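In the two complexes below, chain A is the common chain; its partner is chain B in one and chain C in the other.
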Partner chain A sequence: MDELSQMIHDYVIKEYLEEGSDQEIGETTPLITGGIVDSFSMVSLKRFLEKKCSIRIPDEDATPAAFDTIQSIAGLVRRFQAQQVGV
Partner chain B sequence: MAYSDIARNHFEAELGGIKAAGLFKQERYIHSPQFSEIEVEFPQGTTVRKCINVCANNYLGLSSHPDVIAAAHAGLDSRGYGMSSVRFICGTQDIHRELENRLTDFLGTEDTLLFPSCMDANAGFFEACLTDQDVMIADRLVHASIVDGMRLCKAMQDTYKHSDLNHLESKLQEHQDKRFRMVITDGVFSMDGDLAHLAEIAWLAEKYNAMVFVDDSHATGFIGRTGRGTHEHCGVFGKIDVITTTLGKALGGASGGCVSGRKELVEMCRQRARPYLFSNAVAPVIVAGALKVLELISSTTERRDKLEWNAKYWRGLLKASGFDLKEGESPIVPVMLYDAKLAQDFAADLFYEGVYAVGFFFPVVPQGQARIRTQLSAAHEQRQLDFAAEAFRKVGEKHEVLGLRKKELLARAGG
Partner chain C sequence: MSHLLTCNELTNDFEWFIAERELGIRKGDLINIGSMCSDRLCDLGLSSRPALIWEDYQGNQKRYTFGDLRRLSNSIASFIVALGVQPAERVCLFMDRVPELYIGFLGILKTGAIAQPLFSAFGEESLFVRLQDAGTTAIITQKKHLHKIRNIRQQLPLLRHSIVVDINEADLQQTEVSLRMDKLPAAEDLAVYPTTAESPSVLHYTSGTTGQPKGAQHVHYSIVSQYLTSKRALDLQPDDVYWCNADPGWVTGTSYGIIGPWSNGVTQVVLDSGFNAERWYGFIEKQHVSVWYSAPTAIRLLMKEGAEIIRRHDLSSLRHLASVGEPLNPEAVIWSEEVFGKPFHDTFWQTETGCIVITNLPGMPIKPGSMGKPFPGITATVLDTKTYEPLQQPGIAGLIALRPGWPSQIRGYWKNDAGFKAKFKNGWYLCGDRASIDADGYFWFMGRDDDVINTGGHLVGPFEIESALLEHPAVAESAAVAKPDPVNMEVVKAFVTLKSGFTPSDDLELEIMNRIRKRLSPLAMPQEIEFVDSLPKTRSGKIVRRILRCKEFNEPVGDISTIMEE
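And now, the complex of A and B:
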């Protein structure tokens, strides 16, 4: 995993899994459709990303689909980081 | 025409998808008052059957109590059928105020405001009291009505792992920059039947300068030595800032709910809570019935004591048969089956054995956590529990679930 994906992975483990859980989280593990993160508790992940990556994710882009995998989340973050530097 | 064939076809396909996924809910028609034994028509048009009911919120058996019914009749005669008004216009009778005062005494708070339901109380409270300067920190398994109420509020939202006090503490530390922090929990969690660790939550709230909100709908009337609720049970009576609860479960089972707590917060609801401002006043008949319920349960703990005994007895019977139960001490006893179709088939078979229970599956509970949520009542007699437990055992044998746990049950269902 690249650095961004690893950062997201580590946060998901700490924030959403019970201590000692043997659940494996890969880059394409479904987080929301897999019941690991629900839409109610997704807000803290969104806030973490905004703070850590210095971006703002509009509510309409913070969809369950966009947040379903580490891969899709990392893609979303890169999109908003790129927008900020005008790429 | 607005409702075109395209729209109709779309929604038919959606409903077909729900059926195909095994998630379609069907109503059953009850031809008797709510009690430990009821008469049920299912499927529609078939002969009505008598069943032992193990899935009502009729915890104290008061939903059809003759004294409550008599009091409701008296309320109809003295105060009429409906108010035809929201509370603040011309919808407040003396008996509304009397019930609010009685609930304040019963719950050990400073003031109480009635709402048409606890769903409305939860929908209205947060928006009325908190702003974008504040943060709401909720247990991840709070009731759906709290989730909806939080979404209506502009305060920041955060959550903590279910009953994980370390995680809650980390959130309270994280949000010290906010004006107000509010910790939000159910008192008894409606799907699992476990109790919140309110003493520890209150301690953390004191340490980190936070308010505490508890929805005690599945506790008021029977949890705690005198049935005041989870706060009494946990030794923090008088220390919870906001309690919401319902009149639609143990307290008569009709409808109505309330916000009870610090008098300024209750008054904010009276001034600003949208369900209070824009929804009809609780009907006089309901108020009269609820006043009688409070009188009955304040004078003796007999009913809550019997409920406690029934819950322990029932749990013991199901465990002896080998069912996978969620551990707990409340009268909510979930029989875990994990697979939605299994839960539905199990409930259907129970019906034909003379037991009324319903399968709970997504979206009511998370995917892969389907169950039969059984609930005890003080109205249950031991012979009824014996009968129902034997029916469970028989159906459990038929479906080969006895002695199996989650991994095995899901593997059998292909999950």
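And now, the complex of A and C:
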């Protein structure tokens, strides 16, 4: 996993897995569909990403589909990081 | 083929007795919901009809007939009785949407114990409050949720048994037992406990403005309402395949996710998965869902995903769509007509009513945005806020009220007679919501009449959230109010003053948000925390949430003459 994906992975493990869970989370593990992160909890994950990555994710882009895997979240973050530097 | 009756056929000559006749209940008979949702269907020759088709997010599937429901609920009932659980004791169900939740519900009811379903996303604090209040003696759960129970068990001396449905024996701790539903001894016959119409059946916890959540007490006679409203408001027919999105931790998931469909002998499908539009449409197509009971929050999420996904699936099996939990906005009604060829029918009811009370009946002209009209057999009105008399003039906002006495009305709040009595004024039951009635008799929702937050169709009480906020070392005072949200209708927003030595920051906000999410639930998590220097209070020092709420909704604050100078 690259650094961004690892950061997201570690945060999901810390904040959203049940205590004592031995579930493995990979880059394509369904987080929303799999019930690990629900749509209400997405907001705190979005806040974390905005703060850590110095970006702003519009509400219309913060969809369950965009937050369903570490891979899709990392892609979303990179898109808004790129926008900020005008790429 | 459409089964939809005309609205007149649904309403003419209505009486609740129709349900008693169709269910074969005679005056003085014993009534047991668990038996009527399983054994009775087998007695009618439907043993081999599919009752539950369950699928998880990976596509793994399990199928149960009504014969399986009977045998497995008997087995679970026998297991519970063998532990020493007595009739009227509270047995909590604390699981994800797995088959053991649905079938366990029937099993508990067959023993005469009271089923207490709780949302599996509840954190320890929310779980503890509800188990303590109910004096719960047993809890059925999954390994993944067991840690929450282990962490609070010492503070619950009445909790004798933690029954775990997916654990290895070697991992059990004291007071824990393993229940593997598929390995239980078969129990073809069971002496179902002789519950009567007024025997307590289900205890559903619901949030209010003040204090901790209250246990709404239902009785076995509620099946009369749930059976008939399932048939006439949701149009459930014997050959339907029915999907109710609601979790049985909430009243929709029991009234219309277990009792309603199964008392009608209807096959229902369950998808144990988080929201995923592609997955949901694929599920409807694969299972040939004909009646779909969803919620405005989910519908708005589907709207956001767009119509292109729908075109990739054959949804022609859908015959009737209905919605519950919060008012369905007109755009959602119009959208569903465009993309599904039929509109979602809004239905209004609550934990305390036990069944749909105001609704858009199948075949009735829908006014997008309207709650509909009272279900036959329900007398509903809006009351003047000062005199509690029915308002006669159309279009004037008042308090939604029902004439007491419908079959599934709760019989009380658990150990809270005062709270229950406060729900009645001038001979009417107050729903806690405001609406107006137009000249055609359609009800139009205006909002809550109290400080309860309706987020994603679930009621969240501010007191519970504020209490949890105050537990954070940085927080001096707190107020939790509703904030408008385009998807969830409302979300929780917290206003917080900090103790000396703490400064507002994004990190602190996130830390507090996550703390509330884990202690209470994702629903209760403030989606925004505003750090303020002070909170608006009355001269007696009571925080006035209304002022904060009105600002969030851009509404006039009204009379604030009792407010202290800030």
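The rule is short, and it goes like this: the second predicted complex is superposed on the first by the 87 of 87 C-alpha atoms of A that agree within 3 Å, B and C clash if a C-alpha of one lies under 4 Å from a C-alpha of the other, contacts with A are read in each partner's own complex, and residues count from 1 in each chain.
One rule holds for everything that comes next: a contact is a pair of C-beta atoms (placed from the backbone, for glycine too) under 8 Å apart; a residue touches a chain by one contact, two chains touch by 3 or more.
Small disclaimer: the values here were computed from a predicted structure and weren't measured.
Colleague: After superposition on the shared chain, which partner residues are touched by A:Ser21: those of chain B (first), chain C (second), both, or neither?
Modeller: second
Colleague: Just checking: does A:Asp68 make contact with chain B only, chain C only, both, or neither of them? Give me first, second, both or neither.
Modeller: second
Colleague: Going by the contact rule set out at the top, does A:Gln6 touch chain B (first), chain C (second), both, or neither?
Modeller: neither
Colleague: Hey, is it chain B or chain C that touches more of chain A?
Modeller: The partner that reaches more residues of chain A in the superposed model: C.
Colleague: Would you check which partner chain A:Ile32 touches, where first means chain B only, second means chain C only, and both and neither mean what they say?
Modeller: A:Ile32 contacts chain C only, not chain B.
Colleague: So, does A:Gln83 touch the first partner chain B, the second partner chain C, both, or neither?
Modeller: The answer is neither, since A:Gln83 touches no partner chain.
Colleague: Return first, second, both or neither, reflecting whether A:Lys51 touches chain B, chain C, both chains, or no partner chain.
Modeller: A:Lys51 contacts chain C only, not chain B.
Colleague: Do chain B and chain C land on any of the same chain A residues, and which?
Modeller: 18, 35, 38, 40-41, 43-44, 47
Colleague: Using the touch rule from the top, collect the residues of chain C that touch chain A in their complex.
Modeller: Touching chain A: residues 57, 96, 121, 144-145, 147-148, 272-277, 279, 297, 301, 304-305, 455-456, 486, 488, 491, 506-507, 509-510, 513-514, 517-518, 522-523, 525, 527 of chain C.
Colleague: For chain A, which residues are in contact with chain C within the complex?
Modeller: It is residues 15, 18-21, 30-41, 43-44, 47-48, 51, 59-60, 63-65, 68 of chain A that touch chain C.
Colleague: For a test of understanding, state which residues of chain B touch chain A in their complex under the given definition.
Modeller: Those in contact with chain A are residues 138, 140, 147, 156-159, 161, 164, 366-368.
Colleague: Quick one: which bits of chain A touch chain B in the complex? Just the residue numbers, please.
Modeller: Checking each residue of chain A against chain B gives 16, 18, 35, 38, 40-41, 43-44, 47.
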